[in-house]
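Chain lettering (A, B, C and D) follows the sequence in which the chains are written, and residue indices restart at 1 in each chain.
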Amino acid sequence: MRFFSDNAAAVCPQVMDAIAAANTLDTAYDGDALSQQLDQRFSELFATRVRVLWVPTGTAANCLALTAMCPPHGGILCHREAHIQVDEGGAPEFYTHGAKLLLLDGEGAKLEAATIDGYCSAIRDDVHQVQPHAISITNASEYGRVYTPDEVAAIGRVATRRKLGLHMDGARFANAVAHLGCSPAEATWKAGVDALSFGFVKNGGMNAEALIFFNSEIAAAAPYRRKRAGLLASKGRFLAAQLLAMLEDDVWLDNARAANAGAAELAAAAGERLMHPVEANELFLRLTAEEAAALREQGFDFYDWGTGAARFVTAWDQSEADIRPLAQAIATL
Amino acid sequence: MRFFSDNAAAVCPQVMDAIAAANTLDTAYDGDALSQQLDQRFSELFATRVRVLWVPTGTAANCLALTAMCPPHGGILCHREAHIQVDEGGAPEFYTHGAKLLLLDGEGAKLEAATIDGYCSAIRDDVHQVQPHAISITNASEYGRVYTPDEVAAIGRVATRRKLGLHMDGARFANAVAHLGCSPAEATWKAGVDALSFGFVKNGGMNAEALIFFNSEIAAAAPYRRKRAGLLASKGRFLAAQLLAMLEDDVWLDNARAANAGAAELAAAAGERLMHPVEANELFLRLTAEEAAALREQGFDFYDWGTGAARFVTAWDQSEADIRPLAQAIATL
Amino acid sequence: MRFFSDNAAAVCPQVMDAIAAANTLDTAYDGDALSQQLDQRFSELFATRVRVLWVPTGTAANCLALTAMCPPHGGILCHREAHIQVDEGGAPEFYTHGAKLLLLDGEGAKLEAATIDGYCSAIRDDVHQVQPHAISITNASEYGRVYTPDEVAAIGRVATRRKLGLHMDGARFANAVAHLGCSPAEATWKAGVDALSFGFVKNGGMNAEALIFFNSEIAAAAPYRRKRAGLLASKGRFLAAQLLAMLEDDVWLDNARAANAGAAELAAAAGERLMHPVEANELFLRLTAEEAAALREQGFDFYDWGTGAARFVTAWDQSEADIRPLAQAIATL
Amino acid sequence: MRFFSDNAAAVCPQVMDAIAAANTLDTAYDGDALSQQLDQRFSELFATRVRVLWVPTGTAANCLALTAMCPPHGGILCHREAHIQVDEGGAPEFYTHGAKLLLLDGEGAKLEAATIDGYCSAIRDDVHQVQPHAISITNASEYGRVYTPDEVAAIGRVATRRKLGLHMDGARFANAVAHLGCSPAEATWKAGVDALSFGFVKNGGMNAEALIFFNSEIAAAAPYRRKRAGLLASKGRFLAAQLLAMLEDDVWLDNARAANAGAAELAAAAGERLMHPVEANELFLRLTAEEAAALREQGFDFYDWGTGAARFVTAWDQSEADIRPLAQAIATL
């Protein structure tokens, strides 16, 4: 009864099958037939011409996106609790050669356009202060909150006006789209997003994420940087196969809907305990140490979130039968 | 009839099975039961206590090893044609933050202890010149040549005397050991090697390589650097499973022997055309453009190697039936 | 009537004379007789064996110190308003290859030992979070506040217990020592400081600062890094001469006392307007826009400090005749 | 009787006077009246609009130029014996974040256009190989050889065709121009040079070099990088003063002519011993160990250059009376 992370979820059968099917002779690196289909298939999904790179981790996707937008001497505006700031072991600084993360506040780990704009206005345009070059937002956010297309678009307008790149960390992008019911296009490039880290691993994949560039200019050097970072798998077909399998028949969306549904059921049970509205597949609950212990005694596995709180994450592979026991246990605390 | 790269080889059945078996609930990152076995299992193989990290590519393994040995202001001695110099898109410079590769000559892309020693002697010990901090050798080399334990040990003694780290790029370490018939220990730490990039992908793996540290001190920061480089897969069990499957029953060694045997058969057919003795699974042949075209017309796929030469690589998955046609075609050129 | 920065102060006559006297034949870089005296002379001043490097700027001194303490994947604890965070254009990230500045709060831009300790306790010791490796404090602080030896020693004990390096940004170290009346040793290594950026330029120098290492181990690579950063002047004797001239007869201390005295006179006039106690040569005053305009109309030059506040800095070259008009103008606002 | 380096030369009186005159109240960093004149004055000298930054060392000038032309993942074509490769302690790799120096051969440490072109043609345009982005040539070269405007222009055409930046390391640019008798414009931007490190320190300056950008686009980020590298002196007026003093009345050119004249006199005396034609202020002579010892016994100070050779450098401050004794001593060996 695992609720500590969707990273621990199983790989979905479509991906397992695709990996098995990819075990045939083919060209090395990303010259294979599967890798060569990615641009086309994701362009269809996003209804615009995109450039796609597979990478082994979400951190790698985020960092390759950021370094395409921000020079070493620049700054990247992000939420104080953004994954790139608190959970990636300094990877953004490594990839960007020391760009500075400029930390902003916002409810639910979401940024607002006005906050970004105000922060930028307060930076003197001189060489003593690091100048912002990019914005990174997470959708769904670190607290499971979802940006609406309008909210993203407002940020996109600030980005355009101030000549900042706009990156979306979509480790749970599928969950966000499943919640919004909008098209992937509306959630991204139509709202001004230049690059998207499109997460698959938490959602049924094995070890491939997609880095999507909506702006071909900033994409140009990314293949060189991917190789230079030691990310270019020599049997890339096994990564491409995963992404293609999840695009087929909207597996990515179905999986995300399943995870969101589980979270919604838990949310209904949690009631007043909820610290944030539940929009994707994460729940943050007020729980005393005794309550947490009681749940763990019943076999539920989850993370404490500071003192008096806990995080629960649902995944695509949890059926109603997996969810209900926890829902009941929470309701009867 | 593919002979252009062992990167294009299939994944062996033991690895495919292990991946399927790993698709069960487990902890994220490298906290899972399989990843936790790696130190123990590789320690048994090397008959000494080692620290092991899975990584997705050989380039990543090489670079994490080098950055554990060489500070940003240092230099790394390697062969002029080493993979880290000519084929990794500048990854060593990225990971080490700009350490300089110091390029030496040597027959068959192998370095000799005396060459290294002489080169170091010519460097003034002042701040104007980059000072060497590490040596990197490739075994089997870029021309398929194998270092004997004695040759490595001679280099190891220079390294010890000059306080240099010693790294072995073992993208084809299995082929080298299969050729030597020695123990993995003799080929590495007993000869002074501090870290080994132990390749599995070219030899039947899918997307996991092993970085082996024989020196626990330099290993200490490597897990932090692996995360910082975006290499820490969130479902690491699927990488660990591959390595464990290939250690089991010496699959790694059997696969390498098969590849070497294929190369030996081709070498016998090539005779005077050979540019280097064939010790592992690579052959470099003198071939005119016409001869190369003739082979390609018969369906054989391989790389030109400059003008008048070509490279052929055999792999674990090529049976005698795959090899013989090429052997005959070469013999009858 | 300049009060906007001590960077704009004149070079003191002792330094000008020393520069003229240094214009004789000598060895290049830091092989000259003057540079070779630095270790000895500063060791006398600090009553312990120190290793000293001249550098052209305080930013360079700070960054060479930090990179000697913190690896690229580490973190540096500092105040949210520290010069290294807000005024050096990302130089610490450049020199350290992307180490992360971990930002703490504290009154008057000073850190307290307990704050540091608590912050460290909250960091999980895993690869996902950047681990702290060093502490940087500024003495006198960015608000002109001075750390007592006891306060530094408390921080030094946290540093020792947690195995963190301790750096002191002493752009205005002379002003701090002048205020404290203690020995340079008490303010630094006796309290656990490992490296000190000892500022001279704001205090009568021209373009030489001293980077002092109290810990010879971390000093070892600094000369290589100084060269690698393009900081090794080819006529280093002109930098060494400045430092030696200011050590002679305690010019550094007399100059700082003069600057502090000016600030004290202004502080007495400012009374309730003071936002921070005045301990060194900086004053931060509450001033309405109208009051600021009135002072400027009288010819006084200073910086606004956000809204409703202003910063005034005194320097060694301002006599009582220079100070009194401003003191009177403030008093009669 | 110093002939080991022009770095050891004295500072010329015009520069000393200008430094003394600059010791008046002024704005900090590069906001002062002197720094603000640089663009204008150098634009007049080069007969085109240039952007100029003072920096404390030639290494800093070279590296800021290179990082303006070459991304971290790119390569810089230079001579195998270029100063940036062998004498800057890895500074180019530091500033560029690990760009790779691609080493070419050429007589007298000069590159030829055809060599560059051929080298580039041999690089595969794929992500595995580092792609060239810039060329760096040294004028006068490390062996005191001078590029004619036509030679530079041929290289400039290769640069333009291949979209490479072209940097000139002009540590001894003044000596080159003095030899050529051409205008500074002909030697640089008219021949395709994008950025010039214009050396002053070896030629009578104290601690200021000029970095000249002929291409405003690549200059845009340089001020940010200068600050980020800790090179932005807070009393920049003392650096600007040096450069302006040497432009006044062509002091830079007169000084270089004097140094070249000394070298020419020595060259005439050296005859068959010369290893390279003498075009600037450096001589490389065949000298046995005994002959070198004999000269040293007479008080002449110079560097050995490997075995059986020695380097002599003349400077602006050596009169005929300084030169003649050495000329005679060489002639009578």
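Keep this in mind: a residue touches a chain if its C-beta (ideal position, glycine included) is under 8 Å from a C-beta of that chain, and two chains touch if they have at least 3 such contacts.
No experiment lies behind these values; they were computed from the predicted model shown.
Following the contact convention of this document, A, B is the list of chains adjacent to both subunit C and subunit D. Chain pair with the larger contact count among A-B and A-C is A-B, by C-beta pairs in contact. Centroid to centroid, with C-alpha atoms defining each point, subunit A and subunit D lie 49 Å apart. Separating the centre of subunit A from that of subunit B, both taken as means of CA atoms, is a distance of 34 Å.
Taking each chain's centre as the mean of its C-alpha atoms, subunit A lies 42 Å from subunit C. In subunit A, the residues that reach two or more other chains under the touch definition are 72-73, 88-90, 94, 97, 127-128, 224, 227-228, 232.
Put simply, subunit B touches subunit A in their complex at residues 2, 4-5, 7-8, 10-11, 16, 19-20, 23-29, 55-63, 88-91, 94-95, 201-202, 206-207, 224, 227-235, 238-239. Across the complex, subunit C is touched by residues 72-73, 75, 86-90, 93-94, 96-101, 103, 127-130 of subunit A. Subunit B makes touch with subunit C in their complex at residues 71-73, 97, 127-128, 131, 221, 223-228, 232.
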